[in-house]
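Structures for review follow.
Two complexes come next, and they have one chain in common, subunit A, joined by subunit B in the first and subunit C in the second.
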Partner chain A sequence: MLAIDGLTVRFGGLTALEDVSLRAAEGEVLGLIGPNGSGKTTLINALTGIYEATGRVRFREVDLLGLPPEQIVRLGVVRTFQNLRVFRRMTVLENVLAAQNGMAGMRFADLVGGRRRDAARRERAQALVERVGLGGDADRLAGELPLASQRRLELARALVRDPALLLLDEPSGGMTPAETRDMTRLIAALACPGRTVIVVEHKMALITGLCTRLAVLNFGRLIAEGEPAEVLRRQPVIDAYLGTEAPVDA
Partner chain B sequence: MLDDHLIGVLSNMGMISFIALSAYLVLVVGEISFGQQAFFAISAYASGIASAMWGWPFLAAVLWGAAIAGLGGLLLAIPTLRIRGLYFAIATLAFAEMVRLALEIFTYQVEVDGELVGPDGSEGFRDIRYIYEADISAGEFLLVILGLLAVTLAIILWIERTRLGAILRMVGEDPALARLQGVNVNLAKIATVAAAGLVAGIGGALYAHLNTYVEPKIFNVMLGVHGLAYGLIGGLGTAFGPLLGVALDIGVLESTRAFSGYRMIVFGGLVAVLLIVRPRGLLDEAAVYRIRRFLLRKHAGD
Partner chain C sequence: MADFLQNCLDGIATGAAYALLALGFTLIFGVLRRLNLSYGPSIMAGVFAGTALYMGFNAGLAEIAIATVIGAVVVGAYIERLCFWAIRKDMAVASMVSSFVIWMQIEEAVTLLFPDRTYAFPGILADAVVEFGPFFLRASSLAMLAIAAIAVLGLLALIYRTHFGLAVRAVSENPEAARVAGVNTGLVTFLAFACASALGGLAGFLIAAGDQQITPLFGLWATFKGLIAMMLGGMGSIPGAVLGGLLLGVVEANALWYLGVETRDLVAYMLLFVVLTFRPGGLMGQAALMARRAAESRV
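So, the complex of A and B:
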């Protein structure tokens, strides 16, 4: 469903991603790992239309590169953020409701109608807020929530569009081990046959618990791809994460 | 009955509220405009031309003036779409000065009942006499002002409760993130700036007809600065915010003459202090949220 070929992102003289080719099949949970600065978030930014990139990205027979972010979202490619981005001055439920903008079948009347209009979509937003465990906080300002709850809100906001491709950028960033376990369970429950999930993560517990396949980036290049346990044993991956040992003179 | 002074104060508060609401709408989508007085001016002239020169009825002239001002908003919004923050603010200021200077040389007069009527450049535009010819008293005209203000406010408050309102606030808080929620940010901004032009236009049309005379220099930058400051003082969490700002400035500072000669100093100081301690004004989002919860709880307790 997602085919990335020769994806390259340059900022001036710096090459953040170089010639990355990657496939993601329908329904799989693909883990994207790599040391800091290896280009994981850059890849997500390129897929969602935030960065200009060269190469080719096909999503369900549509070329994504060059499309504006709002159109990519409307095709069903939805993301969350490593550095947490919620609308802090809006309530939790408003955050989720407003994320339904421009979904299929939505009319102008649904934008300006009262509470009774568009009831099905409203109920879905409310249900998702409850599903991520924020039912009691639905009417609180998002900015007042603790960090872990804001991450859950981001997830609800992404899910409300029923995405075909969900891009999660460090969904457990800044969380305690217990919160991370909850988040892992939540993400595991999201994967379904019609949905592909790409997770950027550092925490191995989350990665190995969730992912059916792993891709490893280092210095903007894809250095490994395959079944998680096997990929994590490969020497280049270990080197990338731990650094290579300086040669020791005998 | 209300005395003339009070009617005058309330009329002024009503008319300036349209500029305050207009600047507020632009603030909601995250931009600062120093130029909303331009739309007030455009509509003052356009509606005056319609009623005094073309013989249109009053309400039609007001709607016409507001529509032309809305069109002016559209003309401002499209070329300024790609600029943000300070640059947008300066562009709005330049636009308003262009409009004011254009009115200084705009002459278009026709003979009505043996007299020349119409805008005459820097001499201004006299004899917009509709409400006197129709024998509408100042008290009755105050009701017209408050009625139109109530309708405008009701529409804005309604939109704020809907999904569209949430979308506009998203654009104001984080336009890049709003795009990633499928929002067409450019369309939202263009529509809002045009609507803001229209809202200021209603006020301008009322102003021209109440005073029967307008001249370009009335519509200088201080008018726009006041309109902007009302939202910043009163709060950006609800459309009641800019009205609170108007009430504090005109209703308290000006009309009670509490600080007579020092009013502008107090006003300017108030804006400066609030920008530091409460950057989104007295009725900011958090305050609105607390008030709403308080009212809901009270409602549930009854």
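So, the complex of A and C:
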């Protein structure tokens, strides 16, 4: 469902991502790993229209490159951020509601009125807030939540769009081992036939517990791809992590 | 004391119109983080559209009000496309400078179309006076206050009760996150700009109807009053814009009474100076500024 061919991202003279080709099948959970600065977040930024890139990205017969971010979101490619981007001055529920803008079947009149549709939206947002375990915090300001809860909120905000391709950028970043376990379980519950998840992570506990396949980036190039346990034993992968940052056993 | 209270009453009526101008600025600044110096001139152009209808067709008040609002929205949309939509987001100064250039263009265009300095504008309930015990208020001021209050409540409802308002708040707070959450930031920005212009058009109509005249210099005046009121209240704060507008109106009315017309504007600038010295974010802006800084330091 996702086919990346020769994806290259350059910032002036710096090549952040070079000739990356990668496939993701329907319903799989693909782990994207690599040392810091290897281009993982760059790849997600290129897929979601935030960075300009060359090459070819096909998602369900649509070329993503060159589309503006909001349009890519509407196609069902939704992401979360490594450094959180929740709307801090809105409540948890409002954060999720705001992400329902411009969805298919929404008309201009819905923006200002439409009580019945509004109630349906609210119900849906509430259900998702509860699903990620924030039911008790629905009316709190997002900025007041602890980090782990803000990550859960970002997940709910992404889910409200019913993504076919969910891109998670370090969903357990800054979390304690217990919180990481909860997050892993939550993500595992989200993967379903018809939804592909690509997750960028450092923590091996999350990667091995979750991913059906791994792709490894180093210096902007794809150096390995395959079944997790096997990929992690390959010499280039071990070399890439040596002297930079070993995969964390947490 | 009675004088002071009477001045405050007059000041609140004028301040209500300032508050509308400040709200327009706030809305634009909120979603774009950029200043639109042409805001006043776009309102002035709208008021001249109303004047044209008044002089040419002897239209009624409602038609003139609608023409003023539509005129302001059309010119506002022109400014948005030219100075904000067409210029990249990270070049805030370029937008501001080009909005200044468009200001000159609008003023020249209006001066060419309306070569006399001053044009008549119909008043609302022109000479009637309403008395409250020892105090009194011109009926037109009372109407101004009432209409402004309704407009402010309407805006608050739009921002805090509708899905469109949610999108406006999302874009104001974090444009990038809003885009990635699927909000069409371009459309939301454009519509917010149009709302601000409509609000400005209404303010322009109320002020021109109060003065019963209009000159091309009204653009300069409206930009100044709106900017001062917004900065007093706090950049980007909606309650701050209302507070700043009312405060500016009250202080000006008292300065006019006790010190005379020459010093009125001086007092307004002094007020701004003092407020910004002690609260650099404006009266209500501090909290918003702090929250933003805290958020930035986290990332």
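We take it that the second predicted complex is superposed on the first by the 237 of 250 C-alpha atoms of A that agree within 3 Å, B and C clash if a C-alpha of one lies under 4 Å from a C-alpha of the other, contacts with A are read in each partner's own complex, and residues count from 1 in each chain.
Here, a contact is a pair of C-beta atoms (placed from the backbone, for glycine too) under 8 Å apart; a residue touches a chain by one contact, two chains touch by 3 or more.
Just so it is clear, the model here is predicted, and its values are computed rather than measured.
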Following the superposition defined at the top, how do subunit B and subunit C come out on subunit A, clash or fit? clash
State whether A:Asn83 touches subunit B only (first), subunit C only (second), both chains, or neither. second
Which of subunit B and subunit C A:Asp139 touches, first, second, both or neither: first
Touch test for A:Leu7: subunit B only (first), subunit C only (second), both, or neither? neither
Which holds for A:Ala98: it touches subunit B only (first), subunit C only (second), both, or neither? both
Please indicate which partner A:Ile198 is in contact with in the superposed arrangement: first for subunit B, second for subunit C, both, or neither. neither
Looking at the overlay, what does A:Glu70 touch: subunit B (first), subunit C (second), both, or neither? both
When the two structures are overlaid on chain A, which partner does A:Leu22 contact: first (subunit B), second (subunit C), both, or neither? neither
Subunit A positions within both the subunit B interface and the subunit C interface are 48, 50, 68-70, 73-74, 78-79, 85, 87-90, 94, 97-103, 110-113, 118, 157, 161
Using the touch definition from the top, list the residues of subunit C that touch subunit A in their complex. 158, 162-164, 166-167, 169-170, 173-174, 176-185, 288, 291, 295, 299
Taking the touch rule as given, give the residues of subunit A at its contact with subunit B in the complex, in rising order. 48, 50, 68-70, 73-74, 78-79, 85, 87-91, 94, 97-103, 110-114, 118, 139-141, 144, 157, 161
Subunit A contact footprint on subunit B (complex, rising order): 158-159, 161-164, 166-167, 169-170, 173-174, 176-177, 179-185, 237, 280, 285-286, 289, 293
In the complex, subunit A residues that touch subunit C: 48, 50, 68-70, 73-74, 78-79, 81, 83, 85-90, 94, 97-103, 110-113, 118, 121, 143, 157, 161
